Structure formats: structure tokens, C-alpha cells
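Order as written gives the chain letters A, B, C, D and E; numbering starts at 1 within each chain.
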Amino acid sequence: MTNMSTPPVPASVTLPQAGPLLTRAGWSAFIVALLVVCAVAPLLNLFVPADSAFHLSDYMVGLLGKIMCYAICALAMDLIWGYTGILSLGHGLFFALGGYVMGMYLMRQIGTDGNYKSELPDFMVFLDWKELPWHWALSDSFIATLLLIVLVPGLVAFVFGYFAFRSRIKGVYFSIITQALTFAALLLFFRNETGLGGNNGFTDFKRILGLPIATQNMRMTLFVLTGFTLLGFFLWARWLVGSKFGRVLQAVRDAESRVMFCGYNPLPYKLTIWTISAVMCGVAGALYVPQVGIINPGEMSTAASIEIAVWTAVGGRATLVGPILGAFIVNGAKSWLTVSFPEYWLYFLGALFIAVTLWMPQGVVGLVKKIRGAKA
Amino acid sequence: MKIHWLRLLGLGLALWMGAGAAQALTPADALALVAGETDDRITTLNRLATAADERASVLIQAMADESVRVVGERVLIVQGDGALDAVTGERVAAVPEEAEDVMINNRLRSAMETALAGMQLVGADAARQREAASSLQRNAFDEPDASQLPLIDKALAADIDPQARQTLELARAAVLLASEDEAQRLQAAQKLGEARQAIVRPLLLQRLETEESAPVQGALKASLAALDRSLAISSALGQAFTGVSLGSILLLAALGLAITYGLMGVINMAHGELIMIGAYATWLVQSFFREALPQWFDWYLLVAMPLAFIASALVGAAMERTVIRFLYGRPLETLLATWGISLVLMQGVRSLFGAQNVGVENPSWMSGGVTLMGNLSLPWNRIIIIGFAVAVLVGVTLLIGKTRLGLFVRGVTQNRPIASCMGVNTARIDTYAFALGSGIAGLAGCALSQIGNVGPDLGQNYIVDSFMVVVLGGVGQIAGTVYAALGLGILNKFLEGWAGAVLAKIAVLVFIIVFIQKRPQGIFAMKGRSAEA
Amino acid sequence: MSLLEVKDVNQYYGGSHILRNVSLQAELGQVTVVLGRNGVGKTTLLKSLMGLVPIKSGSVTLDGVAITQATPYERARLGVGFVPQGREIFGRLTVEENLQMGLATRKGGTPIPAELFELFPVLKQMLGRRGGDLSGGQQQQLAIARALAAGPKLLILDEPTEGIQPNIIKDIGRVIRMLADRGNMAIVLVEQYYDFAEALADRYVVMERGEVIASGPGSEMQAKGVRQLVAI
Amino acid sequence: ADTIKVGVLHSLSGTMAISETVLKDVALMAIDEINAKGGVLGKKLEPVVVDPASNWPLFAEKAKQLIDQDKVAAVFGCWTSVSRKSVLPVFEEKNSLLFYPVQYEGEELSKNVFYTGAAPNQQAIPAVEYLMSKDGGSAKRWVLLGTDYVYPRTTNKILRAFLKAKGVKEEDIMEEYTPFGHSDYQTIIANIKKFAAAGKKTAVVSTINGDSNVPFYKELGNAGLSAKDVPVVAFSVGEEELRGVDTKPLVGHLAAWNYFMSVKNPTNAEFTKKWAAYAKAKGIAGHKDKPLTNDPMEATYIGINMWAQAVEKAKSTDTDKVIAAMAGQTFKAPGGFTSTMDKENHHLHKPVFIGEVKADGQFNVVWKTPGPVVADPWSDYIAENKGKKNMPMVK
Amino acid sequence: MTPDLMEEGAQRFEKLQTASVLGRTESGGRAAAYGRLHTPGEVDTTHGRILYLEDVHVSFDGFKAINGLSLDIAPGELRCVIGPNGAGKTTMMDIITGKTRPDKGQVFFGSTIDLLRHREAEIAAMGIGRKFQKPTVFEQLSVYENLELALATDKRVRHSMVFRPTGEEKDRLGEVLTTIHLADSAARQAGNLSHGQKQWLEIGMLLMQDPKLLLLDEPVAGMTDEETERTAQLFLTLKGKHSLMVVEHDMGFIRTISEKVTVLCDGAVLAEGTLDEVQADERVIEVYLGR
């Protein structure tokens, strides 16, 4: 070798350490969030008197519960879009599928308390259905419902993803066919023949697990459950993206063909994260339905799916925390503005989106980082 | 005598109006015509019609035009601000406040039309004659009755337009199909073979059931077969036409996007709103014409077209200058920003013009349609829009493919910094390109206003379809956009023919999904290495 | 006065200081070669000259006109031609259209100078092919031809020999020499291929970590041990 | 508090804004009017307007907010049935009041809702009866055309049963549905033409929803299918919907409502005048230049006024007391009749008008019921409803 | 190249030899010439070829980019391929790595694996690594993560989820980082590297992949002479344990490393031999080297 050969590995080569699941500050924040969700909120809602300034109203509980469901969707979107670079315009479908599975169970729980005092859900009665169609077979069982909440969106995503990824459909082409899928499902669910309540969907739920659904306690229970799920999913997502698996996903996002030449088959990677993401959305949908009391095909509209992407982008892509924040900011703003400025709120919301893209390309989280960076 | 004097005056006025009257319209007649039970009114109508009184005919025509008002016992024909007394022909300066509309239902309307047709067949101009003849024909086909014969025969005896004659001969045949005379029936059966209207079919079938004479039966069968053939052809043609027509709509809606998204890579969620702006611009021009230039109303579209283009192009240029230019190379962010813009534009239109739809009228040359093969009527607005789409397409293709501007647009959109190093003012080209794409969306809006509703949500209905078309065709491939638009249009209409609109739409979406599996880069996939660059 | 005057240019990417007080001149009729190891900032310097990246401080003057703030297209119109590193041809435009892009500063309808096809005959054969489909070397030739199309006063080349077959490298060398010798063009050449650089250099500049550490007339390169400078 | 808050829950954005925005304005006008007369129970009414943005779960959220946070005494709102179904559980749980002003498919009766729009028997059935009559053209064959969702499906189900009862044969009925937002009616109109060409007089009953109506009617006009050939009667096409169409080719097509802007009576004259003035004063886009009123606007107006009367009668805004006081309330409606709130079924007794489209986009009333019709929310034409009382269930 | 790395490589090579060849040729206590077990995915190089192309044709819209190309490479060989721009060198690599499907012809890896039946990832997993003409790295990931991804381990999803580099693997990462002069930049985002640095990083990724056959498309383009030299040394150390195919236009570089040179022209082999032989070939001078 020539004089130019490299010296033996100097001890000084320090390899970057794999990051911990959460930093110390991260864990603290996480625990605070956990406490808020399962201790503070119930206390403020159930035990602080209604006229106190600290009382958390039922309306707020419902609103926050709903937004947490949206946050799960945003988190799921971040995994597939932020980290893997696959923009799905079909996550509304998975959300709705989870919701519908739950809705079917809740419909069955109404029992004979419906308008027509029939075993069958009301809408079937007045449309002359004589018995439950096949796809309602398992709707009686809560256990089966829990399974289906995962399986139905998971399976739909898996099959769709398998074919799409196998055919190497990428970029907008993928986005557009997810949109087509969702749109097709929307039309299908609108049809009364589909046996899922058509445009009206399912409403007027009465019980869950035999317990009345419209009580303060049940609402709080669902709220806490949603909070847990959100935080749990968050940790899981952190773990996923922190692993080499997560880095392969990012590599797929940057240069898929290079990933293949490194010996990875991108198909199972994409398929795995795609399915996981869909399942998360499905679970969010299932938690959402009993809290808002309605599921109908509106959730599958194009706009609904795009909104999920919007929350993610507002919060900051590929940050996990960002999308959750994004969901809270956008939906919080929406709830507030639709009341305070019912005729002008769309201007604010539109301006918010424009401002975020122009001045906060990394979303809110990026902005926070920048401010912190500037201070440090 | 007072009456006499009035009559004389009426006669005088009638003469003054350029027509002679044989028998005058009495106030009682007029009143009986405009009010009362429908049955009585129709009796009066028929009586007046056969009497062939000029003033009665004016009144009937006015009723058909909905310009008759009743004030107490007096029947007025509204003309501009003032009115004419239907009976006396006297001018009334202003229609009194308490004037009531005359109630006309469909039954009456049909009766009036037939009456007018009978009165107008002879002597009127050719177009009017044809119209009258078809009206009589429709009557005959609907419910053939021997009582219709005298009127038809009378008209046939006169010197009338050949086309009107043919129409009447068919009408006559329809009546004669039930004739006692076998020869007449045979002739009628043969004659009806020339009719190309589905409505004749039940007539022939009914006759066939009861017909005993073999030759007539044969003639009936032959005519039926001819009719069925012609119906099959026209329905196939009709289906193809609707497919092409839908395709042309999709194409128009997507062409602008093929530029802003396909070439420039801006995921323009506000594309639909740019279409909407074009439609509102059209509406504004139309309203202006209605107010200020009513005599030119029919030509408002010629002004609206460029204005729709300019309006949308300006909005597009403003979007580009203020927002999009900072987002090149970050396509996903353009999605977010343009989504925001679309919300603002939509709400802006709501605040300005209201949340409800606004009415855009077809100019008269775009209303109605041409009738082909007797049974296939192709609406003018559709035909013109197909032509318009082709024209816009040719224009865009030439502009993008053959001009220097087009070259710069393509160069800049592919590699902005390097194009700039070559001396291209990229900022300006970007604005031009985006404005062009937006302007084309505006043109689409102008066209769409002619067939659909114009409201703040207009764009939302087209955005999904537009993206599907552009993507299915292959991003950046204008030729692909054309194929995709036509393909989807025809497929959709074909499926709709036998599965219904909802299932057809679902099937088309599923088709898109499956098709992309086979062609992951759209119809016109970019091949080779350049695709990766 | 030199055609191109670069004075004390400083440039940053985010927090890192990439160019430190870089100064350089380029004269008409001369080839100025910029040498330096990977990552020292040569490309960054050329991009600053072209206006593709903003500079923090310093000045750039072309033919007496300060162009420090000018946009790339204004510079191009003032007569700067650029062959970027990595070719950067317009992949989806045909070869012909790529060359027409090179003529953007000229009036519409200006024909592509026939001379280019004499220099790079392969381009003539491939006029109708998409730029992106060409082989690496063909693309490089196209990139040079494109920069020459408008007849610039100042030609900036970033590693033009990269990926080119030897006989064409020789041709390119000859072309550069010839262009310089015509006396109406100044050429700034960044090159890693030392022998090629040395053969062409009228002046040389060596960079290290964003700084100019040596410069002088091309004839002295051997004597000053520039090859070693670049190597260390 | 020295005011009584009332909620106004209509979409001001999104797809339903087209129809609903104006109901918000009418509601505000009615409230202004009541306040001008001194308010209710000596207190002024304070409207709380929110925008549920055509998003059904958001309707429920906003309803909760109105009741919980703003403590409104009653809510006036909703347009689509699905939005009503979405908020219904909220109103029932919180025992609050909703006034729903739009015609709907029936099959519902909640103690907490007052339905001031038409039930199917107050609109659909009379319309079909009219078309069967001699004046209506003695239609024998029927095309039931609608948007594919619950209101058209249910209405058509009821109509089918009704037609069958009238002896119409299966093959003389054609049912067709289109997706939401469908805008290309070429094929369907060709099909209608084909169906109509088979002989007997054909009529179309359209339950096409909002947005699709304009393309439908434009196509109808251009395809040369005039009302004399095939009359179309629609249940969701009113003055407001026709604003967007060139009505000249549509003259003679029909609509069935409980109110038309063109009905002539002093109450209506006053109502339309008031609206025109209000629209001008408030600069309501669209209406300030061309004020229009329609059936749901009238229903909203009736609803608010009746509620105010009931509160005065009950001397309280307490839900149960107001419900009790609502029974039998009467109000001289712009429709020209005195509308009465049924003693039991929470629906109004309403007159039914059939109007034909005129060239100026108004309707010409060609037929009307002799007097108000009592609503039948649980239609007898649906088998399961046999024996069911038109009374809210007591839970 | 670090001695340790070389040492380790040599050991691995030996292990492989013992494991794969000797261990399995024993049959009935005798070394048998045939009848070895063939493990799927394992290259069979007993016929003295690791790569074998025969009569391959590719055309793009009628343009024949590869036209009857036949070529083979022995295990451990370092083969240089030169040829005019557009001769089809990159296209050839595209074919070998599964990126482009030939219209006709055979491509074998070892004597049993038909590469035309496999997809890119499978081919890479079998042990064919490639450096692209235009350096491609994962721009958003750090230099370190780029290398880590390339590391030869189980590349299935489940494994990736729980993967933590072992001490040995970490050492190797460290070595390669040093070899490619990016030890200081381990945490930098790869997208921010200069062109030459990216070239190095890509070579580093290839080293991490530890492939049996390396395809290097213009590896020293844009490198300084010194670094070219260093790369040459690196390749020489790889030779023997790995098979290499290097495409370059830098004749100095070729001279340093070459034993056998193939000249491609118009999609087919024009000449083959030592560099001197080739350089003397009139046709090669004509189309490629110039006078």
C-alpha cells in the first residue's frame, strides 16, 4: 500500500448513538399528558361542580375526545406520509371502516328499542329487509367487533396495498388510486342496498356493552380510553420509526430504487407500515363513533381524507408529535371559529394553511425547533 | 249601439294591426278562456280556434307566451310596460297592480299548442309550419283519432313546406292505421316505416295485434323492423355521443390542471375554484348583457369567454405571485396551501355573490338541439362544448409544444435553476404558465356554466375528476389527458347504460384502480431513463 | 480590468461557512482553472458566480457591471454561460429543445449554431431523443453545447470531463483552448482531472476548505507543486 | 340573564350552504321582528349563530355546544335528514328543542323536535294524485328519479306503494338513482325518453337533491323534453333552486310545496316585502338584488313565531312546558292558511300547493288542497307502520 | 484500505471457502467433483464464472443500446470496462441488476442463478452490489444511517424492527466510515455532502453490503487524483475476495487497477485483453482513446 493508506481505525471514530425512545423531557411531557388524560380531565369533569371555572364541560370532553381520535389519524398519516413518503388520500376510508364496524355493533345494541320495536335496525325495517344481511353476522359480539375493527381496515389496506405496491405504483398515482378507492367506497356506502344505512348511516345509539351510552361516566370512560390509545400509539410509532425499520422507510421515501439495490424488498416494508397506519385509523374511527354518535359515509369524502393530511402538515411531517399538535390546532381552531366567526372562519382557516406552508415549512414543530435553535 | 261601436273599433284596430278579422272575440269568450274549469276553457279554446278569429288567435298566442293578465272582468295582454285589452285591442298604459296571472296547466298548454298549430299551419313561414306540423304529429302519434284528419288534410292540400308535409303525412298515416279500408291501412303501415320515432312503435304493435289482413301484417312487420333498426342505431350513436360529450367536459376541466399540475407540479387543489371563477365571470357578463345590451344577449358568450379566461388567469397569477412561487419543488406543500386558497376563494364567492346558485342562461343558439334520424336529438350546448374542448385542446397543444413560450414553460418546470442559468426569466415564465393553466380552467368554467349549476361549490364537483383524468393519462402528458378524458367519459356512459349511474361511477373508479396497476405511470407513461430524472 | 472580478466572497449553508473571502479574476482569452479536493467549495463558488446561491458578503463584477445581486437569468443575459456539475440537462426535453433552451437569451428563431454539431457530432444524430435518455457522457456533451449555444462572454464549467470518453475529453480540451484563443471569452474551469486542467490553465486557483490557498499563472503549476497541493 | 338565547344551526359553508344560508337569515329576521315587538316574556331574543359546515358530526358537536355552553332555549336548524338524525340524540339527551324546517321522508317522531316542513303525505302524495288527475295530464307511467340516499329512497318506497294501491302496474314504474353531485343527466334523460316513448302518458317524480337539479333541468330543456310531453314534478326544487336555471324551456314542469313565493294573499305580500327589505338592509348577497322566498324559509318563519307564542303561553322556556304549549298553536302563515301545530304529532297542518314553473322562475299554482292536511309521519304505505300512532314515543 | 479490514475480509473469504466448497464436496469420504448440494441463493462459481452474459440484446424504441453482448467474469476478478459514451455500459449494469429487462439473451450469476428471473432487491440480496453513475444516497438520512442500512444482515421487516448493530458490526461501520473519509461527518445529512463525498459514501455503502460482485459505474468521476489513487488501492484490496466490474473513463485509474479490460462499443464487445493490448488496438483508438 502507498503512503496514502488510511491509518487503522482511530479510537476517535464515534458512531452516533441510537436515540432513546423518548428524551428525558419527552418522557416528562408524556407522563404529564397521561396524567391529564386519565386523572385531571375526569376529575374536572366529574367532580368539579358545573358552575366552577375549572369545570370541564361535557361538551369539552366530547370535543377533546373527538380531536384525540383525529390525532390518531394524523399520527397514522405521519407514519405513511411523513416517514415513508406515501401520501394517502384514502385514510378517511379506514377511519370510516373502523367506525362502521363499531357502529354496527352499537346498532345491534339498540335491540328492540328502535322506532319499530324490531330486532333489526330501524333503517332495515322500513326498507323491507327481513333479516340481517350476511355482513352483519358478527355485529352482535363485542369481541368479534373488537377484532373486526382491526381486521377490516387492516385487510382492506393489506389487499389494496399489496397489489398497488407490487405494481410499483408511486407518488401521485398512488394518492389518486387511494382517492378513487375511497370515493368508490363512499358511493357504495351511500347506496341503501349496501345495508349500512345509506346516507344517514348509523345514529341514535343507546348502549355499549349493555351500559347506556349517553351518560357522563360512559363519556369519560371513552375519553380516557381514547387518550390511552393515542398515547399508546404514539409510543409505538416512536419505537417503529426509531428502529432500523423506520430508517428503511425513510430510505424508501428518499430513493426507493436505491433501497432495492441495497437488498431490501420495499414491498413488505411499505405494506407493513401501510397496514399499521390503516389499522390505527380504523381504531380511531371505532373510538370516534360512540363519542360523536354518528357514522355515515361523509367520513369517506375526499375532503375528509385531505384534511387528515392537512393536520399532519400543519403540525410538521415526520415528527410524530407534530401531527398530533396539528390535529388539535386545526380542529380546535375550527370548533372555536365556527362559533365565533361563523361567516368568516373559512378565511381564517384558509389563511392558516397558507401561512403554515409559507412561513413554517416544517409545520408548527419546525417553528418551535427554529425558535429554540435561535435561542440556543 | 255601444257594442256595435266597440266592435267597429275593434275591427278597426285589428285592421290597423295588419290583419282582417272575420268574427270578433267577445269579452265573455275571453273571460271563459282565461278562467274557470279547465274542461270549459278547453271547449272555449277549441271553439275560438276553429272560428279563426284574428283577435282570438292573438289572445291564445299571448296565453301561450304567459303574457295575459286578468283585472276583474277585463283580460289584458301585457306588452312591455303597458298592455292591450284582449277584446278591444285598446292600449292600457300601465298594468294595474291587482292584475292576476292566468293559470295555465299542461293540459291547457297542449290544447293551445294544437289549436295554434292548426291556425298557423297555412300561410306562416316554413319554420313555423314545421313546428306546427310536429305539434299536430305529436298529437296524432299520442292519440290517433279520425277527428284530426280534416285539419291535416286541409293543410296537406295547401302549399306548405316539404318537410312539414312529410311530418303531416306521417301523422296522417298514424290516424289511418286504424282505418276501415284495408288499402288505406296498408299504405299507412308502409308509410310509417319511414317514421324514425320510438313513439310509433306501440302504434304499430297495437295494430299488429288486431290486424287480420296478411299484406297489412307484412307491411307492419317490415315497418317495425325498419324502425327497430333505426332505433338501435340511433341509441348506439346517442350513447357514443353522450360518452364523447362527457369526455369533452372532463377534458376541459382537466386541461388546465394538466398544465398547473402536470407540467408545473403544483398539486392545485384550488383548480376547481378557478373553474368556478370562470363560471362566475360568465355569469357576470351575462347579467351585464341582460341589463345593458339585451339586444346582444345572444352573443354574451363571445365576451364571456375571454373574460372568464382573464379572470381566472389573473387570480391564478396572483396565487402564483403571492404563494405558489415559494413552494416550487415542494409539491406536497402546494397541496396544503392551495387547499387553503380554495377555502378562501369559495367563501369569498359566498360573501360576494351569496351562497346560492346563480343562473346562467344558454344563448338561444345553444339551446335546443338537432334531431338526427328522427329519434336522436343532440343538444346544441353539448355539441358546441365538444367543439370548444377540441379548440382549446388544439390551442394548448400548439402553445406548449410549438412555441418558444411553451418550450420555456417545459424547461422551467423541469429544472428551474438551470433554466434560469440559461437566461430564462423563470419567475415570469412560472407566472405565465400558472396563469395559462388557470385561464384554461376559467374557460372550462365558462363552458360548464352552460350545462350545470354555477355556485360556490361548483369547483368541488370537478376537482376529483380532474385529478383522476390527469393522473390516469400520465402526469405531464397532455396527450394522455385527452385519452383519459375520452376513455373515462365513454366508459362511464357505456356502463351507465346498463348498470345505472351509481354503479357505473363505482365501476369506473374501480377501473381506474385496476388500470393503474397495469400502468403505474398512467396511459402515456414516460418511458426510459428520462422518467426517473 | 478583468472580465470577471470576484472579491472577498463569503457564503454559508445554514450554519457552516463554505466560502471564506474568496477572490478571483478571469480575463478574456484566458482559462482560469479552479482546483481543490472534494467538498472544498468549488461548486459552491461557481453557483455563487451564477447567482444560484446567495452570497453573504463580497462582490462579483462582470465587465465592470456589479452583478452581486443579479438573478441567474440576468447574469445569463449579460453573457455568462454555465455547465453545471452533474450535467443537469432537461431530461424530458429533446436534445434539440435543450439546445434551444441554451438560446433563451437570443431572439426567438435563432438557429442552433452549426458549429456545435461539428464539436459534438453525436448530438446531431440524437437531436430528437429525450435528453434524459442519453448516456452520461452524451449528456455532458449536451450540457457543454447548450452553454455554448448563445456564445457567452464568460463560460463557467464545473467538471466538464466527468464521465467523458478520452478522445472526447481531448476534443473538449481543444474546444476550450480554441474558444479562449479567440480572445472574446473568459473561461472558468473547475476540474479534478489534473492533467487536463494543467494543460489548459492560463491561470490557476487552488482552494482548500473554502479558501483560496494558492493561485498564479498556469505555467507555474508544475513548479509550484499544485498537484501535491490538491492531493494533501 | 335579560335575554333569551336561541340557537341557529345551519351550514354556512360546505355543500349545504347553498340551501341553508338563507334559512339562517330568515331566522334572524324573524328574531329581529319578535324583538321589535318587545321580545318574549319581556326579554329580547339573542340569536347564537354557528356554522356546522355541512359536516354531520359537527352538527352534533355544535348542538351540544349550543345547549351546554350557550344554554339556548331552542334551536332552529338543520336541512338534511342526516344532520337532523345526527343531532337528535343530543336533543333527546339534553331534553332540548329543535325546530326542523324542511320537508323530509317521515319515519321519525321525536318529542324534542318540531317538524315544520312537510311529511311525505303533505307533499309527495298529493303531487302524484294531481298528475293522475285529468288536469294533471292523467299520467299512467311513472319514473321515480332521485339521488341515491334515504329521503328519495323512502319517498319512492311510499310512492310505489301508493301507486300500486292506485292500480299502477309494476312495469309502468321505473326507478332510477344517481350519485350525489351527479351532473351528467344525458343517459338518464335518454332512458326517460325511451320509457316515455312506450306509449301511455308518463310523468317523472324527481327527488333529485340540491346540486344536481340544475344540470338535470338544463339537460331536460335541451333534450327537448317539455312539460307537455313528460311533466316532471319535484319535491326539492323551489324558487331558490330555479335561480340557477334558465326556466324558459322548463315552463310547465311542476313542484309540490306548502308555500310558493307567488301565492297571493296579504300575509305573503307582507312576508315577501319584509324579506326584501331585510335582505336589502343586511346586504344579503343574492337576495339584496333578487329577493326570493321559499317553502323552508316559510317553515322557519312559522317555527320561530310559534315557538315564541308557545313560550308566552307557557310563561317559561322550559322544554316540557313549551312542548305542552306548542300543541294546537296556530299561526297565520304566509302560505295563506292558518297553520296549526298538531296536538300530538309535532307536525304542522299544512296546505299543499302544486305549482308549475313559469318563465320568470316563479311558480304558478295550478292546484291546491282545499285546506291544511294533517301530517302522517309514519306513513301507512309502509307496512311496518300499521297501527302505529303518530305520537312521539315516551321514553 | 485498512489492514484490519483486509485481514477480516481475508478471513471471511477463507471461512466461506471452507464452508461452501470444501465442506460440501465430501461424498462418501471422498472429494467429489460433482453432486454438491446447491443451496438456493448461494452462488455457484465452480465453473469459474461469477457473472455470465450471453448474446444480450436491448433496444429502446428501436435504438439498439445493447446488441449481442457476451461477457463473463471470473470469481475474484477485477474487470475494467471501457468504451465510448453511449456504448451501453450503464445499460449493461441495468440489465445485470434487474433494472432493465433485455429483449433477448442470458444473464447468469454463477452458473445456476438466472438473473433475468429475479427482481432488483433479490438480485442485490444475492450479492450483487452497484454504485450508480450518478451518486445516489439517502439524502434525508445521516451518513451513518446510510451505511447502517447497507449493512449486510437479514433484510426482512421483522428483523429490521428489532435490529441493533452488534459490536462487530459497529466496528465495521467505523472502519468503513474511516475508509471513505467521512468519519467526521457521520452524523451529517447525506444530502448535504458534496458530489465527491457522495461518491465515497456510495462506495462505502457498497462495502457495507459486502457483495460478491461489485458493479461500479464511474466510481472516480469527480474525484481528485489523489482520491482516485486511493480508490484504486481500495479496489485492489477488494479484488480476490470480491469480483468487481469497474466502468471508468479515467485511463490512469484503469492502468492502476486493471488486469483485463473489456472495450464495449455500440452495445457489443469490441476488444478484450490487457490494457496495453487494448490501447494498441486501432479500433479502440479510433472510437475511444483518440490519437
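Quick note on the criterion: contacts are C-beta pairs under 8 Å (C-beta built on N, C-alpha and C of every residue); 3 or more make two chains touch, one makes a residue touch a chain.
The chain list, named the UniProt way, goes like this: A, B = Inner-membrane translocator; C, E = ABC transporter-like protein.
As the structure is a computational prediction, the values presented were derived from the model and not from experiment.
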| Any chain in contact with subunit B (Inner-membrane translocator) as well as subunit E (ABC transporter-like protein) | A, C
| note | Those chains that touch subunit D and also touch subunit C (ABC transporter-like protein) are B
| remark: centroid check, CA-based, most central chain -> A
| said: Which two chains have the greatest number of C-beta pairs in contact? | reply: B-D
| task | Please indicate which chain is farthest from subunit E (ABC transporter-like protein), where distance is taken between mean Cα coordinates of the chains. | result | D
| request: Going by C-alpha centroids, which chain is farthest from subunit A (Inner-membrane translocator)? Tell me that one. | output: C
| query | When the centre of a chain is set as the mean of its C-alpha atoms, what distance in Å lies between subunit A (Inner-membrane translocator) and subunit E (ABC transporter-like protein)? | reply | 44
| note | Taking each chain's mean CA coordinate, subunit D and subunit E (ABC transporter-like protein) are separated, in whole Å, by 75
| remark: subunit A (Inner-membrane translocator) to subunit D, mean C-alpha position gap in Å, rounds to 37
| request: Would you give the residues of subunit D that are in contact with at least 2 other chains, written as numbers and ranges? | output: 12-13, 148, 177, 179
| query | In subunit E (ABC transporter-like protein), what residues contact two or more other chains? | reply | 60, 226
| Could you say which residues in subunit B (Inner-membrane translocator) touch two or more other chains, in rising order? | 346-347, 351, 460, 502, 505, 528, 532
| query | subunit A (Inner-membrane translocator) touches which residues of subunit E (ABC transporter-like protein) in the complex? | reply | 1-4, 97, 99, 119-122, 124-125, 129-130, 132, 136-142, 144-145, 148-150, 152, 155-157, 160-164, 170-171, 173-175, 177-179, 181, 183, 186-187, 205, 209, 226, 229-230, 233
| query | Taking the complex as given, what residues does subunit C (ABC transporter-like protein) use to touch subunit B (Inner-membrane translocator)? | reply | 50, 52, 71-73, 75-77, 80, 82, 84, 88, 90-93, 97, 100-102, 104-105, 108, 130-133, 146, 150
| query | Mind pulling up the subunit A (Inner-membrane translocator) residues that touch subunit B (Inner-membrane translocator) in the complex? | reply | 81, 87, 163-164, 167-170, 172-173, 176-177, 179-181, 183-184, 187-188, 190-191, 257, 302-303, 306, 309-310, 313-314, 343-344, 346-347, 349-354, 356-358, 361
| request: Would you mind writing out the residues of subunit D in touch with subunit A (Inner-membrane translocator) in their complex? | output: 12-13, 48-53, 55-58, 60-62, 64-65, 68-69, 80-82, 85-86, 88-90, 93, 107-109, 148-150, 153-154, 157, 177, 179-180, 382-385, 393
| task | Give every residue of subunit B (Inner-membrane translocator) touching subunit D within the complex, in rising order. | result | 38-39, 66, 100-101, 103-107, 109-110, 113, 138, 197-199, 201-202, 235, 238-239, 242, 245-246, 249, 346-347, 350-362, 367-369, 371, 377, 379-382, 450-457, 460-461, 493, 496-497, 500-502, 505
